[in-house]
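Take a look at the structure below.
Every chain is named by a letter (A, B and C) in the order it is written, and numbering of its residues begins at 1.
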């Protein structure tokens, strides 16, 4: 996530009330978790594995709970709880407070776009031309919607990521500072939920069509001209390539990739990445023709038992 | 779908800017896809299989992309893209634009009916007596709701059908011109989605009760006194007869029939029609007692392997 | 459910227009179905099994359709249809009619709590301090929400229980007079549905986090610091102990208990109670490592068939 402006090491450390070490002339231009860092980013590291990764990453500044032997040229902000301090910075400087009018004054809405009654549009939302946003839709702040998009009633765009860290006493939330980006000619059904990214964005590309009651997790990227039937659930950080078809109630596990043109039949559960241009079925999902064979074989067990009982 | 008034061949062809052939005295009184046509209907046909079907159907007028050898007494409107021209006609003459007030002036609401705050009621919606429509419900235009109906919060009645045709470059939408009809004493839970019909209607008959987060697809017909538990998903064009019970998270595939009094246990997936008065389980669903045997047999495979290894 | 004040036998019987028998000095202080009765309660009994249970329960007053041989010291109200008369009493004296303003004047909202636009808050709702209630949320009357709670857009708290009794002609509804209680530091995602209790309450305890599109049935009790992923469905009367993790699209059957620290993997269906501190998978769910073995064994059937065909 890019920051609204460049920050200095001292500025962030002083806001957090923490000691720091490094070069105050380096510009800090973004924030990201360790697996997403880009040049100019601030990140955090609170265990030995993360320390090493952060010190060897593109990040220029690290909120950290140790003093490393070799800073590797990084700016360091010392914190007892890097996760909490990272969240504190994001809450203050990245997450804009939502407006209290139903359609924010800062929202930009294109020409010929229809916004039906009782819809909520948060701060800095951008909606293109020729869209229809139906009644009772909720669009959280900063989300971006292209041209010729249709969003049906009571769908929620941009709610917070479901992202918690279990500590000894409770579940700690990582603040979401990404957004949702919906490209041209996408249609989204009623009562869907498309979560915002944690540190990058959740994206639905051109021409993809979603039925009703569909979940799309944070930081997931969906290709062009996909079709997802009702009640599909897609976890976080998933990549779905172009022309993928998911039938009703399919579940896709986090972090995996579904290849171009893959078809997943109804109620399948997908625990690992799938090659494109094939059809899958089952929970866990395998190639549909293999699954059909399995189902047929299962029906032969009584015969096997009979043969064994008679012959042996 | 009946048209608001009768149209003439010349009138429709001129609106579309297309050539035509036939009898301008024949009244065109409805529109329908080929599998639903009734007497007096306009339909469209854009491939050889559809051409033949349309020319031998009850339709009196066909939007078509060839000149057939034998018109079979039909009116013909010649079009390079019959699907698009059919959509264009429906958009202009059948689909009423939605109002921008939360409760449309053209909606008719019966006596003793309570409409809770923040609910949207579109144009020409009819709601009977003694109903409770809870907060944040969205009812799209033209839908009809009987007497003594309860609809819980944030449910969406009448969103567009999920009906797309894959062309080489993108997914083309067929406009929905049917509606949703909900009969007396129906209760619908919170956050459900009941889609409107494409060319006929989606209907829920007397006394049926739906729990929360349920999907009912376009043109589906549900019988009387059915009970569907939470998160059930019913695809399009399904017929569910009276007294059917579907437990939680059941999925029903499109176009099939579930017989009177059938019971489908939780999480089952139903790919083909089911006889009434029986209990089913599994994905794909079979009779529950057969499924239970399958599950028991599956547990015997290790013993089979052991016997085979020892004896052979 | 406690009544707003104590009632007398004669008062309730006269309201219902029914004969009665008993001691008019006994205070009736609550209402409950037979399996939940507490001291001071009114209940109903309409079949021999219920008659016996009610006469031996803690209830002091029974709406009943027979004159028992031994009243066992209970107050009796004679009714042709005890279920209907019980409902009639509850509707009149327990269920407060909902207000018609979007935020009821009788709702109590704590300090530093943000209520986003288009949210509905019913009569006598209590919301604590430092909460965020996002746009288009619906909170039915009497529900109670603690401090530091976040509820995302379009979620519905407190809709009626899905609780019907099949009579010969139709499905009769039991009125819900319980409420939903959400404790401190709970976060609930978008488009969830948490139903109110029928005669006791639906409760979500401290620190539990729910993702989007989740169903929680009436009278269910959820422990502390649980995490439920998207599209989980939990039926009614379930007890989920602390620290339980349910992955996406899991279904939990009514009336069962999920032990402390249990983990249930995605799409599993749970038909009976589970011990804590173990991981489960499948529909029906068993221990995950057993399920994984089953899946592996299933793949060996073709080999078994081959061996049998060759050797026998």
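The definition used in the following text is that a residue touches a chain if its C-beta (ideal position, glycine included) is under 8 Å from a C-beta of that chain, and two chains touch if they have at least 3 such contacts.
The structure presented is a predicted model; accordingly, all values stated were derived computationally and were not measured.
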Connectivity without chain A (remaining chains kept where they are): one piece
Copies chain A and chain B - rotation angle from C-alpha fit, nearest 5 degrees: 120
Inter-centroid spacing, chain C versus chain B (mean Cα positions, whole Å): 32
Chain C, residues touching no fewer than two other chains: 118, 136, 154, 191, 213, 231, 249, 267, 283, 298, 301, 304, 308
Of all residues in chain B, those that touch chain A in their complex: 98, 100-102, 118-120, 136-138, 140, 154-156, 159-160, 162, 164, 166, 170-171, 173, 191-193, 195, 213, 215, 217, 231, 233, 235, 249, 251, 253, 267, 269, 271, 283-284, 293-294, 297-298, 300-301, 304, 307-308, 311
Interface residues, chain B side, partner chain C - complex: 114, 116-118, 134-136, 150, 152-154, 185, 187, 189-191, 207, 209, 211-213, 225, 227, 229-231, 248-249, 266-267, 283, 295, 298-299, 301-302, 304-305, 308, 312
